[in-house]
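Each structure below appears as C-alpha cells.
Next, two complexes with chain A in common: one pairs it with chain B, the other with chain C.
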Partner chain A sequence: MNPILRVENLSIEFGGIVALNQVNFQIPRNQISALIGPNGAGKTTLFNCVTGFYRPREGKIFLHGARQTSELCGLLNPGWLSRDLGLLQSLQARFFGGSHVLNHLGVARTFQNIRLFQQMSVMENLLVAQHTKLKGNLFSGLFNTQAYVNSERTALEIARYWLDFFELSPYLNKLAAELSYGQQRRLEIARALCTRPQLLCLDEPAAGLNPQETAELSRLLQRLCAQSQLSILLIEHDMRLVMEISQHIIVLDHGEVIAIGTPAQIQQHPQVLAAYLGTEYG
Partner chain B sequence: MHLKHALKDALLVGVLALLLFLPMTGIALAENYSFNARLHVPFLLAGMVMLGRFIFSYALHTYHSRQWVKRLIHREDRPRFILRPQRHWILLILFIFGLVLPFTLSNYGLNTAILALIYVLLGLGLNIVVGLAGLLDLGFVAFYAVGAYTFALGGQYFGLGFWGAIPVAAAIAALCGVLLGFPVLRLHGDYLAIVTLGFGEIIRLILTNWIEVTGGPNGVQVPTLQVFGFEFTRIAKAGGVPIHEYLGVAYSTAYRYWFLYLVLFLVVCAMIFVLNRLRSLPIGRAWEALREDEIACRSLGINPVTVKLSAFSMGAMVGGVAGVFFAAQQGFINPTSFTFFESALILAIVVLGGMGSTLGVVLAAIVLTLLPEVLREFSQYRIVLFGGLMVLMMVWRPRGFISLQRRQFEGAA
Partner chain C sequence: MTAYILAQQLVNGVVLGAIYGLIAVGYTMVYGIMGMINFAHSEIYMLSAYLSTIVLAVLVYWGIQSPLVLILLTLGVAMSMTALYGWVIERLAYRPLRDAPRLAPLISAIGISLILQSYAVLTQGAKTKGIPTFIEGVTRFGDAVNNVQISNIQVLILIIALCSMVALNFIIQHTAFGQACRATQQDRGMAEILGINTDKVISLVFVIGSAMAAVAGLLVTMNYGSFDFNIGFVMGVKAFTAAVLGGIGSLTGAMLGGIILGVSESLFAGLVNSDYKDVFAFSLLVIFLIFRPSGLLGKPEVEKV
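Up next, the complex of A and B:
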C-alpha cells in the first residue's frame, strides 16, 4: 500500500477520559476511506487531530504529500524554533495554535455542522478558500497590478470549475445562507477543494440529506476520486453510502481501532458486529 | 373573555402600583418636621397605571394588534436599499456637493461639518474592526487620542507639521492597534469588549497622568496650522506667511476651516473608495470570513492572527488620522475629549449605520453629529434618543439601512 496518511500510536485524553488510545492505521492514496464506529467512538476527535484542531498527547501523524513527507503533530507542537516552520510560525503555533499550516500542506476538511460563511456569497466563500493562493498584498490589490489580476482570474476559474462540478453554478451570487441544506453541504466540500488539497476529510457529509441527495453525493464523490489526484477520508453513519463508495474502512470503538479492511471484510467482522449490535453474552 | 382577562390583569397591576406608590408619594414632609398624608396622589397614580395596563393588555389580545406587533418585530436581515454600482452619478453629485458645501456655510456650520466628517472617518475605521472583522472594540477612542496627541506633542517636541503628522499618526496608531491586538487574539465577544474598553481607559489615564510629557489634564497646545509655509492666522505665528496677505484678500477665520474641510473631505472620499475596494480584495474577504466563522477560516489555511492584527491596525490607522484632524480643528486638546462616551458614540455610529455597511456608517455619522446640534433645546434627552434609535435599529435592520451591492460574479463561460 502507498499511503497518503499514516497514524502511529495516537493517544489523546480529555480530563481523564481516553478519547483515543494507541490508534494505528494508514490511509491509501487516491482512494476513498471511511472511518466508522458507534457514537462516541472517537471519530471526530481523530479528525480534529489529523486536521490540526487538537494536539494529541502522544503519537505521530505522517502526511506523505506529493512533494514531501511531514509529521503533523510536530508542526502543531513545535519547540521555540522549529526548522520546518521558522521562528514566527513556531511562536504562533505555541501560543495561538497553528492548525492553518496543515491546510498549506494539503489537508482540507468539512465540518459535521456546516460551517460556511453564511453572510457571504457562494463565490466569495470559494475565493476566501483560495486566500493563501492569491498573489499580492494590499497595494497590488488596490492598484490592480497585473500579477494580482492574473492570480484572481485563476482563482475565479478554479472556483467556477468546482461550482460546476457540484452543480452550484446558478447560485454563485446568492448568499450561502440562502442555499438549501443539501446545497450548503456540497458548497462546503467545494470550498474545501478550492484550497487544492491532497487529502480531503469529510465529517459526515451525508448527515441531514434525503436519500436522493445522498445518492447524488455518492456519485459526486466517486467521480471526484476517480478524476483528480485526491484521497478522501470520511466519517459517515449512513452504512449504505459507506459500503458503496469506500474501498477501505477503519472501525473505531471506545477510542481504539477494532477493525481495518475492505467493506466486505468489515461486514463479516465479529468485533464490528458486536460493537454495533451488542454481543449475546453481555 | 379578553375583557375579563384584561380587567383582572389591570386590577393586579393597580394593587401592586398602589403598594409601591403609597410609601413613596403618599406621605409628604411638612414644614415643622411632621408628616402630612397626601393619599390622593398614590391613588391617582395607581389609577393611571391601571388604566394604561388595561388598554395595553386588552389591545394586545385583539387579532389586529397582534398582527401589528408581529409586523413590528419582524426583523429583516437585509438592508432595504441596495445601491448598485451603476448608480455612479449619485456618488458624483454627492462628491461635488461635498466640495461646494463649505463655501455656503457659516463658521458654526463649517465647524459642525468638519466634526461630522471626523466622525465619518472614525466610523469607517471602527467599521473595519467591528463591522467587517466582527471584533467588538469598545476602546476605539484610544487610537483617536493617539492620533491627536501625536500631532500636538510631535509639533511641540519635534516640530512635526500637519502634513507630516498624518502619516506619523497613522503609523503610531497602527502600532498601537497591533499592541492591543496581540493580547486579545484569543478572546471573543464580551471578553474582547472588556479588554478593549480597558485599553481605551489606559490610554486616557496615561494622557491624564503623565504630566511632564502630555501636560496632563491641562492639555496641550496644537501647533498652528501651516501649509507649504502659509498660515491661517491674522499675523504669522510660526514663521510663515499668512495666506490672506499672500493672496491679497481680507482676513477671515473661515479660510482655516475651508482648508481643513476640503482636506478632510478628500481623505474621507479616499477612505470610502479604499474600503469599498478592500471588500473585494483577499484581505477584506478574510476579515468578513473571520467574522462569520473563525474555525472555518483556520481549516482553509487562513492565519487568523495576521487577519485579526491587520484589521486592528487598519482600523486604528484610520482612527489616528481622524485624531490629527480633530487636533487641527480644535487647536488645543486635553484628555476629556477622549472618554468612553466617545467610544460609545463611534460604536453607535457603526451599529446605526448597519454593521459592515460603508454607506450606512457615513449617513449614521452625519446624523449623529447633526442631531445634537439640531436638538440643542432637548439636549437632556439626547442620550435617550440615541438609545431608542439603537434599539429600533437592532430590531428592524441589524444589517443597516443602505448598503452597496455585493460584488457580482459572472458564471462559468
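Up next, the complex of A and C:
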C-alpha cells in the first residue's frame, strides 16, 4: 500500500480519560477511507489530531504528500527552521502557533456542524479559502500587479469548477446563510477543496441530510475520488453510506483500533459486530 | 433666525460626526474581529494630534508653504507612525492574551491607555498645545446677521473623512484582504484552517484602525487648534458611543452612528443647552441600548453553541 497518511502510536488523554490509545493505521492514496465506531470512540479526537487542533501526548502523524513527507504534529510546535515550512513560516508558527500552516501542506477538513462564513456570498466563501494562494499582499491587491491578477484568475476558475461540480453554480451570488442545509454541506466540501488539498477530512458529511441528499452526496464523493488526485478520510454514522462508498474502513472503539479492512471484511469482523454493528444490524 | 441656527448646527454636527465616525471605525473593526473593546484606541488619536503638530512644525520650518502639501505630508507621516503604534500595542498587549478570559485584554487595554497618556505628559508636558490655523477662509450663506458659515477647514475635513471612509469600505468589501478580514470576523478558527494567517489579519486591522484615528487627530487639531494629553478620553467615549449606536462590528454602522451622534449633539447644543450636550449624547446611547441593543445596523448577537 502506498499510503497518504500514516498514524503511528498515537495517544492522547484528557484529564485521565484515555481518548486515543496507541492508535496505528494508514490511509491509502486516492481512495475513500472511513473512520467508524460507536459514540465516544475517539473519532473526532483523531481528526483533531490529524488537522492540528490537538497535540497528542505520544505518537506521530505523517503526511506523504506528492512532493514531500511532512510530520503533522511537529508543525504546531516546530523548531526554528522546519524543513516542511521554510524559515519564515517556521518562525511564524514558532512564535504564534497556528493551524493555518497545516493547510499549506495539503490537509483540509469540514466539521460536524456547518461552519461556513454565513454572511458572505457562496463565491466569496470559495475565494477566501484560496487567500493564501494569491500572489502578493494587500498592496499588490490594491494596485493589481500582473502576478496577482493571474493568481486571482486561477482562484476564480477553481472556484467555478467546484461550484459546477457540486451543482451550486446557480447560487454563486447568494449568501451562504440563504442556502438549504444540503447545499450548505456541499458548499462546505467545495470550500475545503478550494484550498487544493491532497487529503480531505470530512466529519460526518451526511449528518442531517435526508435520504435523497445523502444519495446525492454519495454519488458526488465517489465521482470526486475517481476524477481527482485526492484521498478522502471521513467519519460517518450512516452505515449504508460508509459501506457504499469507502474502499477502506478503520474501526475505533474506546480509543483503540479494533479492525481495519474492506467493507466486506468489516461487516464480518466479530469484534466489530460485537462493539458496534451487532447492536445495529442484530 | 432659528432656521439659521439649525442649519449652522447641522453643518457643525456633520463635521463633528465625520470625526467621530473616523475614530469609531477603529473601535468597531477591533470589536468585530476580536470581540474586545480597545480602550487604547482613543490614546492613539491623542498621540496623532501631537505627532501631526510636530510634523507640521518641522515641515513649516523646512519652508513648505502650500497647505495641501503640508496636510498630505503630515497625514502620511502621522498615519504611518500611529499605524506603527497600533501594531506594537497589539503585539505587546493583546496577542499574548489571545486565549485568555475576555476581561484580561480589557484590563491590558486600560493599562496601555494610561501608559500612553503618561508618555505624552512626560515627553510633551501637561500644558495645552496648539497650532495656528493655516487654512483661512469662510463661505457664508445669507446676510450679515442671519447666515450659515462653512469654513474651508470644515469642507476639507468632510472631504478627507469621506475619502478615508470610501477607501476603507472598498478595502473591506472588495479586496482579498477584506475578504480574509470578514472571514476572520465570522469564524476565526475556520479561517485559520483554510490557511488564512489570522494573526496577520488582526495586526492589519489594528494598523488600519490606528491610521484612521490619525486622520481624525490631524483634522481635529486643524479645526480646533488646541489639544492636551487628555483629549482622548471624551473623544474615545463619544466615538465608542457612535460605534454602539451604529451597531458595533458594522463598518457602515460606525460611520452612520458618528454622523447621527454629531448632528444630534450639535443640534441639542444649539437649540437647547450647550452645557448638557454630553449628557444628551449619552442619554441617547442609553435609550438606544434599551430599545435596540444591537444598534442601527448591527445584528443581534446569537449565542454560539
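Heads up, the rule we're going with is that the second predicted complex is superposed on the first by the 257 of 282 C-alpha atoms of A that agree within 3 Å, B and C clash if a C-alpha of one lies under 4 Å from a C-alpha of the other, contacts with A are read in each partner's own complex, and residues count from 1 in each chain.
Going forward, a contact is a pair of C-beta atoms (placed from the backbone, for glycine too) under 8 Å apart; a residue touches a chain by one contact, two chains touch by 3 or more.
Just so it is clear, the structure is predicted and the values come from calculations on it, not from any experiment.
With both complexes brought onto chain A, simultaneous placement of chain B and chain C is prevented by a clash. In the superposed model, A:R191 lies in contact with both chain B and chain C. Contacts of A:T51 after superposition on the shared chain: both chain B and chain C are touched. Within the superposed three-chain model, A:S121 lies in touch with chain B and out of touch with chain C [touch as defined at top].
Using the contact criterion defined above for the overlaid structures, shared-chain residue A:I61 touches neither chain B nor chain C, since it reaches no partner. Look at A:L252: by the touch rule set out above, it reaches neither chain B nor chain C. A simple residue count on chain A separates chain B from chain C, and the partner touching more is B.
When the shared chain is aligned, chain B comes close enough to touch A:S169, but chain C does not.
In the superposition on chain A, the residues of chain A contacting both chain B and chain C are 51, 92, 96, 99-100, 103-104, 108-109, 111, 115, 117-120, 124, 127-129, 131-132, 134, 138, 141-142, 191-192, 195.
Every residue of chain A that touches chain C in the complex is listed here, in rising order: 51, 92, 96, 98-100, 102-104, 108-109, 111, 113, 115, 117-120, 124, 127-129, 131-132, 134, 137-138, 141-142, 152, 191-192, 195. Within the complex formed with chain A, the residues of chain B that make contact are 185-186, 274, 277-278, 281-283, 285-286, 288-289, 292-293, 295-305, 406-409, 411-412.
For chain A in complex with chain B, the residues that touch the partner chain are 51-53, 92, 96-97, 99-101, 103-104, 108-109, 111, 115-121, 123-124, 127-129, 131-132, 134, 136, 138, 141-142, 156, 160-161, 163-164, 169-170, 172-173, 191-192, 195.
On chain C, the positions that touch chain A within their shared complex are 95, 171, 175-177, 179-180, 182-183, 186-187, 189-199, 204, 305.
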